[in-house]
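Beneath this line is the structure, given in structure tokens, with notes to follow.
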Amino acid sequence: MTADPLLAVRGLTKTYYGLTAVDDLTFAVAAGTIVGLIGPNGSGKSTTIDCISGFQRPDVGRWFLRGTELTGRPAHAHARAGVARTFQTVRAYETLTLLDNLRLAVQEHDGVTWWQSLARSVSWRDAEAEATARAHELLGVVGLTNYAGAPAEILSYGQRKLLTIAASMMARPALVVLDEPVAGVNPTMIRRVEEVIRRVNAEGVTLLIVEHNVDFIMRLCGHVIVLDAGKKLAEGEPAEVRGDPRVLAAYLGRGRASREAARRD
Amino acid sequence: MAMGLSLIFGVLEIVNFAHGEFYMLGAMIAYFLVARLHVGYWPMIAGVTLAVAALGVVLYEALLASVRGRSFERSILLTLGVSMVLQNGAIALWTTTPRMVETEYAYTNVTAGGIRIPLLRVFALALAAAAFAALFTVLHRTRIGKAMRGLAQNPDAALMVGIDPRAVSRLAGAIGIGLAGLAGAALAPIYSVHPTMGFAFVFKAFAVIIVGGLGDVRGAAIAAVALGVVESFVAGFFPLILVDAVAFVAMILFLLFRPAGLFGRGVRV
Amino acid sequence: MTAAGRAARALGVSAAVLALLGPLLLPGEYPATLGISIATFAVLATGLNLVYGYTGLLSFAQVAFFGIGAYTSALLVVQRGWSLWVAFVAGGIVAALLGLVVAHASLRLSRHAFSIVSLSLALLCLIVARDWVSLTRGPMGLPGLPAPRLLVPGLGAVAVDRPGVFYGVVLAFAVVALAATHRLVHSRVGRALVAIKLNEALAQSHGVDPLRYRLLAIGVSALLTGMAGGLFVFHLTIVDPSIFDFYYTETMLIMVITGGPGSFWGVVGAAVVISALPDLLRFSTDLRMVLYGIVLIAAVLAFPGGVGGWIARRRLLRWRRALS
Amino acid sequence: MGRIDRRLPIALLLVWLGAVTPAGAQEPIHIGSSIPITGGVAFFGQHSRWGTELAIAEANAAGGVLGRKIEVNFQDNRCNPAEAVKSVTQMLGEKKYVAMLDGLCSGVVLAIMPLIERAQIPLVVANASATAVAEKSGAGGNKWTFKVNPTDASLAEAMVAWLAKEGKIANIAFLGEDTDFGRSGMLGFQSALGRRGQKLASTDFYQQGTADFTAVFTKLRAQKPASLALYAIAADFQNLIRQYHSFGVGIPLTGRVLSDQIPKEILASGALDGTSSVQPYTPEVETAGNKAFVAAFQKMHGNPPNLLSYMSYETTRVLLDAIKRAGKADPAAIRDALEKTKLSSLLGDEIEFDKNNLAHKNAVILTIKNGQIVVLGLSRT
């Protein structure tokens, strides 16, 4: 791990009604890598990424993107700073077209102000053309080109997952946080998701992936963090982590305590 | 009145605009029972409450069941529509002529400590207190009451422990609207009865439930009493017209500084 | 676009232009008076549509903005001797500022709080208009508002005292206001507003700041609504507390719901039809509000998207057919 | 669902179309009336309408005017100028109406005055009481507006003049509804008292639709004014009087106490003895004309008349009389005839318009003695 990682998280702690979901968690994500965040149900994965994307406020802890502190800033500020994310429950703007779904994901990032857009200035026209081109490109990558002008509500569950993943890549963010990208997705689609992830990673995007599908994580990630009961249990290369007896214990004989700590997942 | 509204909101997550119209209907039914059928005071109170509660069930089954929890905005619009139909329908049917309900106690007074208080007001106060006590007991002591509170606090969990949300919601709707009917019946002999009487009341009731905390029955009752006290204080020392602003100003202040209501346990909307 | 499509469009545009100019050409004052009312309600309904239809905030304060604009511009003209053309803009600005303050305070909590506070604001305005007698003259209102004067090149100052001329002024304002709103909702701003309405968390994850956009929508809506109020009362020549009548709120809601929240032309069309039909057909006034109530209930239960929603559903079905 | 959706608008359209009434075959004389039929003061509009309807029915039963039937089109204005301007312009646009009646609310009348002036159609006001209506009418103003009912100022002056004669003008408190009725009543009282070197001890206004007055009564009882001038109507008045009685407020009332709407039990109890009141009209006035009117009204509408129905009745008579004297159903001729009106009212006085087109009808001064309403006399306003 380099001295100056892309994302640095220090001492993150979050409790709900006296139950500790995340307990003094510290980790880092190096630039250009794909990092997996795994752990049993209720181990605090979702809470962690909700906190570092600004959707929940932790009780204690600080986090930095490229050395810039994001602690306590609202969710949209995280997005603008370069942290993109998807949600575990699939979310899309149902009645908007796929193209608009994707263009929305970039419009707050290209520096065009709302009055420029109202005035239909040259910079707006250029930015919009670029966004449309990028949207077509990503729709091609996820195989949804035919649907470009259709409203998102027409898509199947798996297709929507692909759409949200594409949306998270639109603005070429520094870090993409994917929350269970392949849960409930059929094997063919999983391949496609993998392909998309590798492709954007090759473009220089760093990814942090939360996922239950351990095989998927092991195939993709160069670095894996294992959580249990809100604490970091193990960390390292996939092979290393896979052989760690503590990880096996956590996954096979899940303790009572971890289940009680569960609030969600 | 405000308690009924609060109960409906708590359990159904529906803001009921038509509540004032049910109050008006209660008073109107009271008028017809007393003036046309010469029913006595107490049978009238019971009859009106039951009749309006039955209307509440009808309203719930016909309309509210389909929006329950789906959308706050839709429930507002729906009950606003109901309110428009009831109020203007009442005008078309009965004209806006104010009517008086003349019960056997109309001109009886009790004297306490040199102050003359009309007996009907004593009854109305007692009925309100009794309704509050009964509602509190039902909510906290009985199975169905606990189910209601459970539904208000966490609908998913309630479903898991075997509460039938439809049955409970229907009952909550009936009780909530029945309370509006009771208020109409108790106040009809004191105030005059006319189709637009519910309009002014419902906004005040909204203010009361905001101050009390949405869905918090105890908060609503205490806020109602507090508002009454503050209003009479204002009326006693300031120009009368300021009274009407009190409820709204209190509501806005509470929203700004204490959004969860008096006890801070109301449902955050 | 095909030749037939172009022809149809040309026909539609010329029909619309003819309909807009109709009140100027038809004899008598009534067509113009009705035209003023239709144009005003088109702006009011579009203002509510911007807030409710596009942004998803149910606002009961539109009538408050309308009345505040009306009172502000009337007072500035009568007491300060301002020209109406400046005063009605000032009315819009005052309404917008008030809207922003109230919205900022309540939206920090939730959109439900906004609805309830907006309702209180409307009622509070009514009370203030009645009781701040030294400013508003209370229930007696401000009667005898002077006819504004318009500088026409070649004619000099013309008094806008006939409904026909006034209709021209209101129409010009309505066209500008609707065009501005149309541009707004079809720009990135409109896209962001719809995104917030559809899924606030997703929009935030895309960097959209919900509060900022919502405030923008409310500000624009209050500005246009307030300006409409400032103009409208000079047609009536009087402003009194009945400008805050809850009935206006109900009418605006009916227009937006039947037209389809979030559908620009659906709502404009509904505003035109609903403000014109009952008058033209002399519908029994006793039952008009009952019918409105029934329409509202029916629309919410069976027809939640209004006309605009129906069109969107057809579009979805077309896509389904095309892709299957 | 889709089928229902498509049928709904058509069904609604049919409902609307069904409500359109076909025009009559023969050509009657048309009069327009703009009154509140819906909204908060629909009750008053109802009474205004009833009064006009009775006068029209009587005229038509007697063969009409100039041999033609009279027809009145009542349009709703919700007491809202915006609605009134729309419906009145619509009526004026049809060009068949020879005159307009009432308006009822002062704001409405002020808003439609410029319209009827431009259209050159006379407007005869029955119930709007604001002094401004008369000030803007007649010589130097709007020549097409006539006002039959007395202004608030003149009624208050009549009342105060009587109170002064009785030596009861000191320490009067005021309680009125927060509308132009209450507000201008207060101004009328204040200036009438001012001319006699007195002023109101206190003023309070309540919102229309207020149900509970306990707090203000408590305050007034502590303040102990010599009398209380009351400006309340409709449901509010009923609430006020009941609570006044049940709390035993005991301050003599004056102002616009609606004697005909006091419940019999309260009246009989003697609690209101000493009350004085000024009204443009009260059903108790013992003239033959009034008795016949009360009976006919009760028969036609099943309710006793009140001052609004009376005023509309008289106003309609004034207008019909002017049409008869004009000799033709022509607005300008009717206007000229209106100016020369000289008609006996039911109360026995002559209705004539002054240079502001304002009729100075007699006001009725009443008092309550031994649980009975006593008409003390008529006073020129």
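Just so it is clear, A, B, C and D label the chains in written order, and each chain counts residues from 1 on its own.
Here is the rule we use: contacts are C-beta pairs under 8 Å (C-beta built on N, C-alpha and C of every residue); 3 or more make two chains touch, one makes a residue touch a chain.
These numbers were taken from a predicted model, which means no experiment stands behind them.
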*Among the remaining chains, which ones contact both chain A and chain C?*
none
_From the C-alpha centres, identify the chain that is farthest from chain C._
A
*Which chain lies at the heart of the structure, taking centres as C-alpha averages?*
C
_Inter-centroid spacing, chain D versus chain B (mean Cα positions, whole Å)_ = 35
*Averaging only over C-alpha atoms, locate the centres of chain B and chain C and give their separation in whole Å.*
33
*Centre to centre, by mean C-alpha position, how many angstrom separate chain A and chain D?*
72
*State, to the nearest whole Å, the distance from the C-alpha centre of chain A to the C-alpha centre of chain B.*
48
*So which stretches of chain C touch two or more other chains?*
127, 130-131, 286-289, 295
*Give me the residues of chain D that touch two or more other chains.*
38, 178, 205, 207
_In chain A, residues with contacts to at least two other chains_ = none
_Chains that touch, pairwise_ = A-C, B-C, B-D, C-D
*Contact residues on chain A for chain C in the complex?*
53-55, 74-77, 79-80, 84-87, 91-96, 100, 103-109, 112, 114, 117-118, 120, 124, 146-147, 150-151, 153-154, 167-168, 171
*Note which residues of chain C are touching chain D in the complex, please.*
28-31, 33-34, 37, 127, 130-131, 133, 138-141, 143-144, 162-163, 232, 235-238, 240, 242-243, 245, 247, 277-279, 281-289, 291, 295, 298, 302-303, 310
_For a test of understanding, state which residues of chain D touch chain C in their complex under the given definition._
1, 4-5, 8, 12, 15-17, 19-21, 37-39, 75-76, 78-82, 85-87, 89-90, 92-95, 106-107, 110-111, 114-115, 118-119, 130, 132, 136, 178-180, 182-184, 205, 207
*asked:* So in the complex, the part of chain C that touches chain A is made up of which residues?
replied: 183-184, 187-189, 191-192, 194-195, 198-199, 201-210, 216, 312, 315-316, 319-320, 323
*Footprint of chain B on chain D - complex, ascending*: 38, 40, 42-43, 46, 175, 178, 203-207, 209-212, 214-216, 218-219, 222, 234-235, 238-239, 242, 245-248, 263, 265-266, 269, 303
